[in-house]
Each structure stands twice: as C-alpha cells, then as structure tokens.
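First subunit A sits with subunit B, and in the next complex the same chain sits with subunit C.
And now, the complex of A and B:
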C-alpha cells in the first residue's frame, strides 16, 4: 500500500508532475527573460494541461491500439523512475543491485513510446520524426553508457545506494577529473533525452511541424506533455544523485536542482538546432571521446 | 530401472530443461507447419526431417559419450541441410550448400577436439572428463577446447562462423528458420559451450577473455549489419547472430550470475526469435513478400501477429519488464562481478569494453526493431497491399497460435523471471556455481509490471470518467496537401545517415561484398588453389614430362 502511495502521490506521479510543471514554468519564464519578454504566470503550465484534457481526441484513420496506449506507457515508465529515485533519496536502503541499469533502460521507454505512437499514426512527417528520435537515441546512448561506466569504475557497484554512500565518504564525483568530464557528457546526453534545443531534432516545429507529436491532440497530447514535464524533473535529479550527491538534504538538493535546470535552460537558449547527422557525429565523435577520457582517468584513479 | 543407459546417456538438470524446450519448439513448429506447408512440395521429407531433428537434438543433449554426441551432431547438420533444401528455389539450394560446408567443417573440428580429449584422458565418457586449461599440457588442452568451442559457435552462429545464418534466414522456409537457426541450434550450440566450459574443462582467465571478446564483437558487428537490411527475414537473421554474442559473453564471464544470465538469455532468445520469425512468416504468407520497402501499415490487418511481434521485439531489445531485459541485466551484473574478482588493469579494461559493447548493442537492437515495426506493421500503408490492410483478416488459427504462445512465454519469463524460469530451469542446472545469496535484492519485474498496469487502468478510468470524446479524421499534413502522402517514409531509410557516416561507409561496402564472410573468403582461397593446379594441368605432354623429370631428380637427390 505504501508503494502504491509512493507511486501515485509522493514521490511518484502527483508530486513529480507538479514539480515538473513548475520546472516547465521556470523554463518558460527564464527563456522569456533572456529574450527580454515578460513570460507567463506561474500557473500557466497547469492551465495548458487542463485545457488539453478538456479537448476531444482526434485519432487518424489508420491508427489503432498502439496510438492510444503509447502515451500511457511512456508516462508510467517515467513515473516509475521518479518513484525509484525519490524512494532512494528518502531512504538509500531502498536501492537494489543493478538499479542503475534498470533506470537507464526505463528511461528509454518514453522515447520508445513516442516512436511507436508516432509511427502508428501513419503520418509521413511523424515517421521522419520517429526516425530522427531513434537516431538521436543511438547517438547519445554511447556516451551516456560510457559516463555511467565511469561511475561504476569509481564506486565499484551499479547501485544507487553505493554511489550515494561513496560520495558521502569521498566527496562528490564531480570533484574529480574523471567526474567532471563525465558530468559534462551526461549533461549533454540529458539535453538530448529531454529533446531540448539543440537536440529538438525529432520535433523541429518549423521544419516537420512537431514531427513525432504531429497527430496527437487533446488528453493524449497532454500525457506526452506531462511525460516531458516529469522528465524535466527527474533528469536533473538523476544527475544530482550520480555526480553531486554528497549532501542530499532538502535545502542542498533544491539548490542543486535549480542550478542544473538553469544550466539546461541556458544551453537551450544559446544554441541553434542541429541536423540529425551533425548530432550523431557530435555524440559519437567529440562527446564519446571525452567520455572515453573520463573512463581512462577513472581507471587511473583520478 | 528397466532401461539403464547410464554410461552412454545421462539426464541432468541442464540437459533436462533443454530437452523440454526442444520438445516445445518442435510442437509449435509442427502446429505452425500444418497451415504454412499446405500445398507445398516435399511435405513428407519436411515432416520426416523435422521429427528426426527433434530426436537427434534430444540425443545430442542427453549424450554422455563424446562419440555419440559427434554422431548426433553430424546428423543434425544433415537434417539442417535437408530442411533448407525443402524450398525448391535455387537460392535455397546454394544456401543449403553453404550451411552444410560451414557446419560440416566445424564438425571436423569437433572430431579433432574429441580425438585430442581421448588422447589426453583416455576416455570418451563426458562426466569423467575434467581437463584444466591452466596447468600442464596447456597448448594441447587449449587446442581441444578451441575445437569444441568453434563447433558450438558454428552451430549457434557466433562470429566468425556465422555467415550461414543470415542467408539461411532469407532463403529457407520460415518454419525451418524459426525451428533450427533461431531456436534449436541456439539451444544446442550454447548447451555444448556451457557443457565444455563448465564440466569438461576448467577455464582459464585467458580463455574467458577470449570468449568475452568473441561475444562482444559478435553483438556489435552483427547488429550493425542488421541495422541496414532491407529484408525482414535477413534482418532477423543478423539478430539471431547478434544475440549469440550475449550468451557467449555471459558464459565467458565465468561468474555465477553471468553464466546463469547467458543460459537464461539462450532460452529467452530461442523463444522470442522463433516468435519473430513465425510472425514474419505470417506476413509473408499474407502479403507474399518480406521486403521492407513493400510492406507497411499491417497492424490493422493482422492484429494478433502484430501484438506478438511487438512483444517479441520489445523483449529482444531488452525493454523492462520483458524477459530479454532480465537476462541481459544478469549478464551485465556478471561482467561487473568479473571485474571485481580481478586485479589486472588490462583485464578490467577489456571487460568494461565488453560491457559497453553489450549495452550499446542493446540500443542498436532497439533501433533496428523500431525500424522493423515501423516498416512492417506501422507507418504508412503501402500501395501494394492497400486493400489487404484495411480490413482485419488474421491468418489462420494454426499460424497465429504458436506466435501468441511464444509471446506469452516472453511476458511470463520476464515478469515472473525469478519465480518460474530461474527457479525451475536455470539455477538448478548450475548447482556447483550458485548459492541463493547471490540473488538477493534482485529487481522485481513483477512489481514494476503491476505498477504499469495500475497506471494504465487508472488512466483509462480517468479517460472514461471525464467522458473524453473521440473523433476520427484524416492525417494532418500542415498546408502541404500534395506530394506528401505519396512520399512514403519507409523504415529502410531510417538509418541511411548512419550508413553514410565516415568510416562506417567503408565497412558497410566491404561487408556487402562478403569481405567478412568466412565462407566467401574460404571459397576464394580454395578456388585460388584450384586455379593454380588448373594452370599446371595445361594438357601439353612436354610440360608433364618436364615435371616427371624434375620429380625424379628431386627423388634421386633425396635418396642418395
């Protein structure tokens, strides 16, 4: 019963959705200020979601079951991730062997849901978006795995509890040479996972009209938006646990979170969109190289 | 006991569960064939070979005598050849020949390995053999191990002796492919590898390293090839190779979790791979092609096939909570354990490389299955099968039922991994290696599934409570009304950017020319030798006389 509460209310669905929507508002506000605009009020994102829920769903003629179920599956997967992360933060002994791998794999599910949903709609623009999304996953997955490997080498286990404990004893991972490189690499991968500029290639509103999301409307679209919002909350949290988890008291956690999300928003606002082949080359080239360097440094014990 | 075959045959937990699954796959394949083979030629030969294959496979698995194992192994090669040749197309015959040469060649190595083992130990009885790779007679021991390992690689399809599998997948009949290369050969090959690595030999670190490298290389190379295929069956064939990499990697780790993971992956792979082949067979039966460029939007026409294929695809890509994820996760854990047990930094580096290859290979697998799903079942309806894909018309019960059963097993083995397959099949077969303490604090797939299902139910409840209205409408294409719908985005174009990327382009061009195919290379070599002798035999008498004279001279020089 406690688990169901954890899953649905805190730190699962309800909590992470609220935090995620606030982060979304923070993103919009900061972006507006950077562009010298006023920006929306704090409740804007909630209104957007509510409005979408009051609309009807338009289903393309060819689409069926997959089109309908995909947004739900994606949302459930991120909620499970947020529950796992939240429970570990509240009580590190909730962690289990290899949960890091489970998290990495669960975090791919939203993207899979997006791809399957898009390609089931039968829209050619959605298909273009889906193919780009998949290629982007291929791109960032390699450096992402390598930077996680850095952590495995440093702590000797693939368990969140071990990673947190190691940082409590020896200081945050970011405070080492290998750690700081791996942190930067992971930050870039997270930017891509969030589908934020410069890696919003699969949506590319001006080019393929929201690509993967083109056929989605009403509540189904709202579910995807919620998924995105929760991702915006859990990815920085994940990064915090992995690299700057020395002190996880609420105050520091909050500050770190705000800092990371500001970093992500700034990256987003100061870069143009890449082409997909540029993004793949970027991730498989310089970023993977950096990740390899961090792995080697970690093996040397730096 | 009335029939006691003990010194010749032996039933232990490992051979027991493998025989069980051989039986299951045989049954499902035969059910499937009732409809699929209807109205084809050489039906008698087909069923005869299928049943013989099942018998010989069980024989090979239960054999406790190396010569018996060899005999059964040889017969399996023969039935494989016969089964591929059922199809009367010429390409099938060529593929049959290729398969027979590669598998038969590896049987010779098996014979050599067995001979060496007899020389070393003086017995053929498998449960009495225990050869160490770390102590004296190292070279000979290693040679014996390698011979047996290559035989198992050729059967299972690990690189570099893999090249018969993609060809066979494309040219042979679907039930044959689903039965032999996809499931039975995996079970047999990995069974032999496990048997020799755990029971017949005591592994050394170097040999473990060798296995892991072969595994990691197989995973990556084969999946990269799969990514750019244009034919559904050939794509699946490359995956049949790639997945072997995980099993070899798992067994190569030498740690208890890794070996259990490798065995579990073997079982899982046999299940989802034969499911995938059977679904591709359904599509072929219905549309008469498996060319990805010509398919599309079939999910409406064949819903059950689609669901089975979706489940199997997600399993093979290692998406939690399906079975493929669980076994991969165990293999990763095994790799980490191996790292912890060694001091050498170079060894650690290689194990980490293998880990990265395995994890990244999993992402690539996902990518190529997204392509498969998109271009066969989802995506735009292709013009060729337009009238077919608009109404729901599932293939015959006999054909979708095996797919559905296999997909169901995928879900059960994933969600209840600890309660069913690990508890009854995998762990009891490795008694020496495992204590339950290794398995505390597993990830509970059942719980996660429960949560996902709970979420789905709540979501659907909310949808029905809020009375959300639905409307069907045509596709939205912005303001571009013309030309967009005609330009079909086929899944085969998904990864063209990757194919064109720098040095990958060179490798892909080479690979398409068969540069990495051991069969093609061997063919060139043998024809080269043949051409040399052809050159010598020019049919002119003086030339032969000169050769005779030279030979005599050499003879005299040597004798006197």
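And now, the complex of A and C:
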C-alpha cells in the first residue's frame, strides 16, 4: 500500500507532476522576464494540461499502435525515476545496489518513447524529428555516462546512498576538479535531455514545426507535456544528489533546485538552436573530451 | 536515406505568418531541391489603382505591405512627380526622408528579431522587438499611426514634423543607437550565432547578379547598389551616408549589412533633423498631365519600383509595381539548396521576404500542377469565359 502511495502520490506521480508544472511555470515566467515580457500566471501550466486532457484523442489513420502507447511509456519511466529519487532522499536506506544504472537507463526512455511515437505517426516532419532525436541521444549519452562513471570511481559504489554518504563525509563532488568538470558535462547533457535550447533540435518549431510532437494532440500531448514537466523536476534533483548532495535538508535542497533550474533557463535563453551535426560534434568532441578528462582525474583521485 | 521526402513549409508559414509555400525536397536532412510557390494572396492592386484617382492611389499602395508601408507610396509619389514635373518643397523632401529611414530602422529591427526566432534564439527576438517599440511610438507621435503612416501625397507630405517632436525623436535615436551597439556585439561576437549563420545560404556575387537580387541581399553579396546613393530622391543627395557592403554573401553577412544600415539610418535622420529648412510641406497640384513617370525607392528590402502612366484624366491608366522581394525570394532557389533543413528555415527568411508585396496572379490546376499565367493567356481565358457566358444566356452578336 505504501509502495502504491509512493508511486502514485508522493514522491511519485502527483507530487512530481505538480512540482514539475510549477517548475515549468517558473521557466516560462523567468524566460518572459528575461525577454521583457510579463509572463503567465502561476496556474497557467495546470490550465494548459487540463485543457489538453479535456480534448478528444485524435489518432492519425496511418499511425500504428505505438503512437498511442509511447506517451504512457515515457510518463511511466519518469514517474519511476521521480519515485526512486524521492524515496532515496526521504530515506537513503531505500537505495539498492545498481540503482544508479537503473536511473541512467530510465532517463533514456522518455526520449525513446518520443522517437517511437513520432516514427509511428507517419508524418514526414515527425520522421525528421525522430531521426534528429535519435542522433541527439547518441550524442549526449556517451558524455553523460562518462560523467556518471566519474562519480562511481570517486565513490567506489553504484548506489545513490553511497554517493550521498560519500558527499556527507568528504564534501560535495562539485568541490573537486573532476567533480566540477563532470558537473558541467552533465548539465549540458541535461539541457539536451530536457529538449531545451540550444538542443531543442528534434522539436525545432521554426524548422519542422514541433517535429516529433507534430501529430500529437489532446490527452496524448498532455502526457508528453507532463513527462517533460516531470523531467524538468527530476533532472535538477538528480544533478543535486549526484554533485551537490552534501546537505540535503529541505531548505538547501530547495535552494539548490531553484539555482540549478535557473542555470538551465539562463542557458536556454542566451543561445540560439544548434544544428544536429553541430550538436553531435559538440557532444562527441569537447564535451566527451571533458568527460574523459574528469574520469582520468577521478582515477588519479582529484 | 536516399529517397526524397517533401518537407512542406506553408502554404501558411508557421512563423512568417504569410501565405507562401516552399516545397523542400530533402534527402535525410539535406535539401536537394526547392519549389517556391507564391500568389496565394493576390489582391490585384495594380488593377485597383487604375480605378482610383491619383490622390487615393497613395493610400492604396500603402496597403500593399504593412512593414514597408512608406516605401510604396514614396515610390508612387516619386513617379507622379516625375510624370508631372513637380518641384516638391524642400521641407517635404526632408520629412519624407526621415519617415523612410525610420521605417528602415523598424523594419531591420523586425527582421533581426525574426532571424533570431528562426534560429531558436527567442531572447534576441524579444529584445529586438522591444527596441522597435520606441520607433513605432515616434511614428505614432508624428503621424498618429504605428504603421500605415499616410504621410506621402503627390506634391508633398500630409503632416509636418513639429518642433516638439524633434527632441523625443532624437532621444529615441540615441536609445536605438545604443541598442544597435548591443545587438552588434551580441550577434557578431556570439560563437553559436556564428556557427549557425556563417557560410550558410551563400549567394555569391555572380549568382546575386544573375538572379537580380536587390537591397541588403545584394549588398551582402558584394554588389554595391543603393538607389538612395545611385539615383537620389527625397533629400538623400543633401545628406552624407555610407552604403555598407559585405563580400561573403552568407546570412551572417546579410545580418551585418542590416545592422550597419541601422547606424546609417540613424545618421541620416539626425542630419535631416538638423538641416531641415522651414517652409511649406506641400504644393497643390491642379492636374496631372498625360505622360509617364517612374519612381524608385530603396525600401528596407531593396529597390521598390513604380511606373505610372496618365492620359490626362484624374486616374492612372497603368500602374506597374515591382516590389524588392519579388527579386529576392527567387534567389532562395540557389541559397537554400545544398544546406540542411535547419539552414533552409533561416535562409528562406534571410532575404527578409515580404510576400504581400510580391504577390502575383497564379493559377493552380490539377493537370499541370501550377503555373503563372502570362497576360496573353489571361486575355484568352477572359475571351473564352465571355463566349461561354454568351452561350449560356443565349446572347447573339448584333452587327
């Protein structure tokens, strides 16, 4: 029973959706302020989701079954991640060996769900979007995994609890050379995972008109939006646990969360969109190089 | 992937919010061919203008386009004054020049914002448009409207620039000047913008000349043309300004040219405000004699050309308009092919297209897909239709 509550209400689906939608509002508001606009009221994202859920489900005639199922897959993955992270934060002993690897796997699933849904929609623009998303995954997963490897080397365990304990004893990972490099690399990868500028290439409304999402409407689109919202909540949280997890009392956690999300929004608002080749070159070139450096530094104990 | 996929941009562009249709033939991400279809919004302005008298036409041609809404009437009044050999009061010439340059500022800022939006840089978009607002406010102050200024009339201008307008206008110019400094720094020095725009959508000097492009699009490809300097009208021969050119012909060069033109426009307005003589702002025109006249204006997008023929009555019997985008949009056929889809989106926007200026009558049929009719074909169509109607109503020629 407690497990069901954990997954569906707190810290799982309901809680993370609410926090995610609030973060989405924060993103929109801050973006608006940066751009000399007023920005929406705090409940705007909730209204958007409610409106989408009240619409009918339209499935294109050429679409396959995966078109319908993939939004659920993506949402389930992020809900599991948010539950796992939340439970570990509430009680570190909930952590189990290898949960870090599970998390890394689960965090790829929203993107894969997007690709699945887009490529089964039968729309040429969605196909372009899906191929871009696929290339992007290939791009950012390598440095992402490398920077997590850095932490595993530093901590000596593939367990969130161990990472948290290590930071409580020796200070946050970001305070070391390898840690700060790995942090920057992960931040960039997270930008790509969130589909934010400069890596919103698969959606690029100006080029391929929302690309992967073009055929989605109504509740199915709402599910993708929820997935994106929850991602916006879990990504900074994940980053906090991994790199700045020395003090995880509620107050500090909140401040760190706001700080990270602000950083992500600023990055998003001060860059134009890259082209897909440029993004891959960027991830496989300098970012992967930095990730390798951080691994080497970690091996040498810095 | 080797099979061709068609990526449609249009018929209603999701971003430019104008009716035009680009059919991108892509292999993977690479654009291998492009079809350009315009003509969704044909309004028959030339025909309409032949049914209005000379004073009304100025307002009609103003409504060809909302962005360059003073270039068309400016070119039209130039044509009328050329036709009737009218000497316009000196002050009116200066006022016309000021309005035209203010329009260039707001148009270039609008383009800069849109270009930012097209490469996903929404902050640049909002900032550029934010600094466009004060110029629009100045327009409202001077002529009562943010767009469609209705300043031009044959023989002069309709409203004076009052003394109390001058200091707010100068203050706005200072603000825009500072903003341009900022944009210049933000755009020219930004590595990501450089990566997106440098070497993209290149139109070489040779190609630019062959495709007859005009305005900033030509100047970015190293063709040093500018009607303001080459065939001065208004008060342009009384002020000094430079015509910025770049050699690369890519989108980055087009951006730089437009940004530099902002500085020149500010310079021109300042000189005009200082040199503007006192006096009349219009002369009364009794009648327009029979004859023909041409008017050329360097609109923000390039040379805008009007030809007017009069037979001595109070309305033109022929009014021909050639808007700059008509030349520039076609050059996309060269510039966009070979790039990626991401490049194409910005390349198509880089000529600062204005589709409502460009509209031509076109006929779309199922069997031959799409073509543009010539004048003779239109006459033939109309004759056929007349015959058909005659048959339907049982009309017999009585001669």
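Some points to look at:
Criterion: the second predicted complex is superposed on the first by the 301 of 302 C-alpha atoms of A that agree within 3 Å, B and C clash if a C-alpha of one lies under 4 Å from a C-alpha of the other, contacts with A are read in each partner's own complex, and residues count from 1 in each chain.
Just so we're on the same page, a contact is a pair of C-beta atoms (placed from the backbone, for glycine too) under 8 Å apart; a residue touches a chain by one contact, two chains touch by 3 or more.
The structure presented is a predicted model; accordingly, all values stated were derived computationally and were not measured.
Contact with both subunit B and subunit C is seen for A:209 once the two complexes are overlaid on the shared chain.
Legend: residue contacts after superposition of the two complexes on their common chain; A:142 is shown touching subunit B, with no touch to subunit C.
With both complexes placed on chain A, subunit A has more residues touched by B than by the other of subunit B and subunit C. When the shared chain is aligned, subunit B comes close enough to touch A:66, but subunit C does not.
Of the two partner chains placed by superposition, only subunit C is touched by A:198; subunit B is not.
With both structures placed on the common chain, the touch criterion links A:36 to subunit C but leaves subunit B unconnected. When the shared chain is aligned, subunit C comes close enough to touch A:274, but subunit B does not. Legend: residue contacts after superposition of the two complexes on their common chain; A:128 is shown touching both subunit B and subunit C. By the touch criterion defined above, A:97 reaches subunit B but does not reach subunit C.
Shared interface residues of subunit A (contacting subunit B in one complex, subunit C in the other): 124-125, 127-128, 131, 209, 276-277. Interface residues of subunit A, counted against subunit C in their complex, comprise 31, 34-37, 124-125, 127-128, 131-132, 197-198, 200-201, 204-209, 269-278. Every residue of subunit B that touches subunit A in the complex is listed here, in rising order: 297, 299-300, 303, 310, 314, 318-320, 325, 329, 332-333, 336, 340, 345, 348-349, 352, 355-356, 359-360, 363-364, 366-367, 370-371, 373-374, 378-381, 440-443, 447-448, 451-452, 454-456, 458-460, 463, 466, 468-478, 484-485, 487-489, 491, 493-495, 497-498, 500-502. Those residues of subunit A that touch subunit B in the complex are listed here as 3-4, 7-8, 13, 53, 56-62, 64-66, 69, 72-73, 75-77, 79-80, 83, 96-99, 101-102, 104-106, 108-109, 112, 115-116, 119-125, 127-128, 130-131, 134-135, 137-138, 141-142, 145-146, 149, 152-153, 156-158, 209, 214-215, 218-219, 223, 276-277, 280-281, 284, 295, 299. Within the complex, the subunit C residues that touch subunit A are 5-7, 14-15, 26, 28-29, 116-127, 130, 190, 192-193, 195-196, 340-345.
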